[in-house]
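Reviewing the structure listed below.
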Amino acid sequence: MKLIYGPVHGTIELDDFAVRLIDTPEFQRLRRITQLGFVFLAYPTARHTRFEHSLGTFYIARKIKERNPDLDDAVVYAALLHDIGHYPFSHTLEGLYPRHEENTRLILREGEIGEVIGEAYSLREFLRFLKHPVVSGDIDADRMDYLVRDAYYTGVAYGLVDLDRLIRNLHWDGERLVVLEKGIMAAQNLLLARSMMYPTVYLHHVSRIAGAMLVEAVKIEGIPLEEIRTMDEIDLLARLRVSENAEVRELIEAIDSRKLYKRVLWSSEPIDERLLEELKRELEAEFGYLTLVDYPPEPSFEERNAFVFVNGELKRLSEVSPLVRSLFELRGTYWRWGVYARRDVTEEVKRLVSRVLNV
Amino acid sequence: MKLIYGPVHGTIELDDFAVRLIDTPEFQRLRRITQLGFVFLAYPTARHTRFEHSLGTFYIARKIKERNPDLDDAVVYAALLHDIGHYPFSHTLEGLYPRHEENTRLILREGEIGEVIGEAYSLREFLRFLKHPVVSGDIDADRMDYLVRDAYYTGVAYGLVDLDRLIRNLHWDGERLVVLEKGIMAAQNLLLARSMMYPTVYLHHVSRIAGAMLVEAVKIEGIPLEEIRTMDEIDLLARLRVSENAEVRELIEAIDSRKLYKRVLWSSEPIDERLLEELKRELEAEFGYLTLVDYPPEPSFEERNAFVFVNGELKRLSEVSPLVRSLFELRGTYWRWGVYARRDVTEEVKRLVSRVLNV
Amino acid sequence: MKLIYGPVHGTIELDDFAVRLIDTPEFQRLRRITQLGFVFLAYPTARHTRFEHSLGTFYIARKIKERNPDLDDAVVYAALLHDIGHYPFSHTLEGLYPRHEENTRLILREGEIGEVIGEAYSLREFLRFLKHPVVSGDIDADRMDYLVRDAYYTGVAYGLVDLDRLIRNLHWDGERLVVLEKGIMAAQNLLLARSMMYPTVYLHHVSRIAGAMLVEAVKIEGIPLEEIRTMDEIDLLARLRVSENAEVRELIEAIDSRKLYKRVLWSSEPIDERLLEELKRELEAEFGYLTLVDYPPEPSFEERNAFVFVNGELKRLSEVSPLVRSLFELRGTYWRWGVYARRDVTEEVKRLVSRVLNV
Amino acid sequence: MKLIYGPVHGTIELDDFAVRLIDTPEFQRLRRITQLGFVFLAYPTARHTRFEHSLGTFYIARKIKERNPDLDDAVVYAALLHDIGHYPFSHTLEGLYPRHEENTRLILREGEIGEVIGEAYSLREFLRFLKHPVVSGDIDADRMDYLVRDAYYTGVAYGLVDLDRLIRNLHWDGERLVVLEKGIMAAQNLLLARSMMYPTVYLHHVSRIAGAMLVEAVKIEGIPLEEIRTMDEIDLLARLRVSENAEVRELIEAIDSRKLYKRVLWSSEPIDERLLEELKRELEAEFGYLTLVDYPPEPSFEERNAFVFVNGELKRLSEVSPLVRSLFELRGTYWRWGVYARRDVTEEVKRLVSRVLNV
């Protein structure tokens, strides 16, 4: 048994199989994938990586298993490995490539990590556990770790969750991870915490702008999926810094020295898809990489699969908690789309945007 | 200037006038009034008193004033003294006597504390500041202190609030304490925190039962308002321990040794007032002090007076936050009424309750 | 199994036997014995009691037992009950009566608590466990709890100790609790923490003065051991408040309203015992209760019984740690004796002290 | 004014000049220099950078200046910039190149940062402030930040220091930063904290081994000072990963995948310099990069320039604190030198080492 010390969960004990999984190059790569992408440009202390988060998710999953011995062991290792497919800067590049979950499934079949898993599990079987409610549900080990961890590293208290009370009151009924009555408040708190971390941290505009700049650089550079999928942040930044394309080099240098594009437009009003395409086309034609349109999907706060037992009856958490119900209404609240531009062209870009959008 | 060290806000600096107010017997009495009454029977670590809470409220009010120099100095001292009228065990006895706010107004006119205030303020004027929005509003120094403090002492994380961000974004417009845009999330968090601390801590049934037992003992003992209003917890408990009435002595001994009455009924369904009176009458006639009916008023989560500036426009927080809006729906959610009885008569009491309520 | 929530150790699980011990009036009395006596007059937030500390000591002892299954179960329950004999205001009155450890041994033989213990243990045998190294040694569960707890409640960070690392590296060799190599730094830290908490918190002069005043009041009142030994702080204060002796009443009122005596002399130089007696006699003759001499025993920092394993060899911690060795030199460093007097007689007292001591 | 949120000091307010300094590429580079080099291989959560530490040092220096208005403004900005010359992985490469302080002095004369400083200060004058006691003394803003920050990020509590009490009791007498009587314990605590963080964190053998491997790789690669001095960790790792030298690539890949060399020897006994050279020569001749000798300078704990005021007299802290005095004795205690080797050659290396050292 090996021990890992740390501030969020205290000491984490690793069994031999976990150590072997962690000691693979595929897992060690996570040390060089930041948990929150460019959020560190807004909250400089947020330098934590997918590596620590993966250890934390493992820790929580094992705690849940200790109270629910019926759970398959594989759940715990799936929790450890659930993020192994993240691209550099985590979610930032997911608009350009398949979602990281797909990459996770690929990476787990390959190389050293695939071999280690293969010694204990059939790979096909193991992959199914990545979708297990303990790993990937509305109340899961992943969220329990990242909310508390992101709160710790950013200093934004909203993410603090009563993990102990929640974990003590999770019951695996063979199909669902159900929250027992004494854990309802903690479960509700988890979902509220998440809804408050989104606008404050995860969707911070500074991170969004830097992310859009990176997306543009990667797009211009044209890095194929086969390469990006195993890169770490050093590989990616080093490659873009020496790009043959001057635009790419300029974008990366701007990110590195935090000379970010400015917001020309920042709106909570969705626009028609055709109009959006027209805007993108005209901006691209006129300004090229000097201006970027950032039109993200809406985050969902519709936690339909958080189940609770109340007086012995299985219910959805949203049925018993008006606060959780009201999360549905948040859908649009924190959503923003933006047009960003290099400082020296913001005025011209603004004019074009006004003309196209007629505002 | 005097310094007070402590864990919740760090060092608190006291100016000379604050020191003089604190050095009165009236203020020192607060050291012997627990902040949360009998909550310590459920959360043993919750032994903090109105004394520390008053210092903390003063600290926050002064921080708000530092950013809003238009605020009258008296606001800060009113924050310090706002709880000076609490009876022993804080809110526990408020059903038997006038609310503590009335007692605060009386105490501030009297004795050493009245004299010290009188040196700097007209008393009538000073008393008005007890209702100032900084001292007593939906987003006020009082709540900001007690939520964080109660979280610290109980270990229940729900009360944690981003005080720094909230205070930095409070603007006194001469009439209202308005939350600026960057503080909206922190303000929302404060109100959510409060709504979660209620069922988890403030309304914990163990505290409710012990409270009902104390109320009964004080009622039997018949302590007049004139006496109770300046008692501390030592005075009250000592008096009840040596009561000539054996029932009183038994009740206090049971509280002291935590041999509490048990819940015979615990319901979220209100009942008709006439029926309630009948139930009380019959229980009283049959069992006397051996059974207690605890039918509290509903806590209100209708924060109608939290104002925010959004795009320069004054709005209610509930207009811009679906989560705050949903607090209105909580009204009944956490409310419970109960019938408690000494362990040896629970079965008989249960039968009588069933008969009267026809359940 | 019962759960107790709290901030210092998280959730504490109580087995049935622990619950039965805790549910006795003897144990519940600890809720009304403050952990640090009058330290709350210097650090107002330090309102914690022997009750929480006893639960925490139990928690740590059980953690140690989990890693050392050879330890007798009784160790864990002895840890829970080790402080049951404390007088009101903890160590304050130990100069007037036998040390609290003796009272603990008496109380455990009596009443409800004695009966509960008797069901599982022979009392004589059980009492021996109060001196077990896990309960009462240089590195023991008692210290591990109180340092961290007192740090938490005062906000003085010095007491923070790496409990997890220490507990993981404690080995019971059948006779001694030995610190393994990886725990040496944490053990050293515990002893340093203790040495820093003494002058900063435990020996704070404000607490010392109030304590001396209480001692004087109790002495005048003449409360016999048989009564004090089962009193809680309410009993004691209530009795002194209504004393027939006006001096007693004055002293208690002064403590209650924090109108404390002032330091006339505060010295780190020991004096000859005969001179000390003369000083006491003359002060007593001239001023009676208006002045108090406080000449405490020196705290010892000679931790001779902290053992460690280094390269498989048993050594004393002081052999391997220069810092721990230097603790011996602290012996006198923080020690002070004082003469205190009511504010209106300080000048006269000072003259008499100068004359007697020839300074 | 700009605000930076974060967990260690709360919100940090930045004045315009600080913002301009921070917005230079030279300062932004610090975001990509980890504070503790390869400590993250032992404590995975220690991913913080010189960037946050520099902001924190600035924050503390400004707090000190607020209480000591005689201090020159330049002190505060020197605190902000004091680490700008760190090489990748902080102290790791200082054996190969001039100490980072020299590089700091060079970088401050150059580029954008030099220009910004030049607007307000003569550069020569400004550079002198890097040696100011507030920036670089035994009790300085640098240590105050890094101890608390490193404790926060590693979870090792030893580094926790009572910053508030220390800062409140620092007095600038025009020449020295003197600790006032009420701050002595906090100052002592700072020095003890540092002495405990060294063996536990800073000198952790895992970090030492990885560091020695990097040193070897850089040595083989032969990166000239002129290049390394402005590199960030991405530049360096990217360069070594694509080195033409297979040994370099192997070393870096081993670091990246944490397949570290093993300790063949780990000793606290210094050896004769000639013998050391012989050992190095023989190992080099026989094994080349497959084995590394790591013989570091001893860390010094001789804090001779921490001054305190006791009864109005200026003294050295070591005069009044036996604990600080005993730090001198630690000199050798935590020092270790080592021989590390790739796993497959450890046995052979061990034989050679035994032969040369005759052990």
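Residue numbering begins at 1 within each chain, and the chains themselves are lettered A, B, C and D in the order written.
Everything that follows uses one rule, which is that a residue touches a chain if its C-beta (ideal position, glycine included) is under 8 Å from a C-beta of that chain, and two chains touch if they have at least 3 such contacts.
By chain, with names taken from UniProt: A, B, C, D = Phosphohydrolase.
Note that the structure is predicted; figures quoted are calculated from it, not measured.
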Exercise. Report the chain whose mean Cα position is at the greatest distance from that of chain B.
Key: D
Quiz item: So which has more C-beta pairs touching, A-B or A-D?
Solution: A-D
Quiz item: Distance-wise, how many Å sit between the C-alpha centres of chain A and chain B, to the nearest whole number?
Solution: 41
Quiz prompt | Distance from chain D to chain B - Cα centre to Cα centre, in angstrom | solution = 50
Self-check item: Inter-chain centre distance, chain A versus chain D - centres from mean C-alpha coordinates, in Å
Solution: 32
Self-check item: Sequence positions of chain B contacting 2 or more other chains
Solution: 5, 10, 156
Quiz prompt | Residue ranges of chain B in contact with chain D within the complex | solution = 3, 5, 10-11, 164-165, 168
Quiz item: Which positions of chain B touch chain C when the two form their complex?
Solution: 4-8, 10, 23-25, 28-29, 31-32, 40, 43-45, 47-49, 51-52, 55, 152-156, 233-235, 237-238, 241, 253, 256-259
Quiz item: Once bound in the complex, which stretches of chain D touch chain C?
Solution: 156-158, 160-162, 185, 188-189, 192, 195-196, 199-200, 322-323, 325-327, 329-330, 333
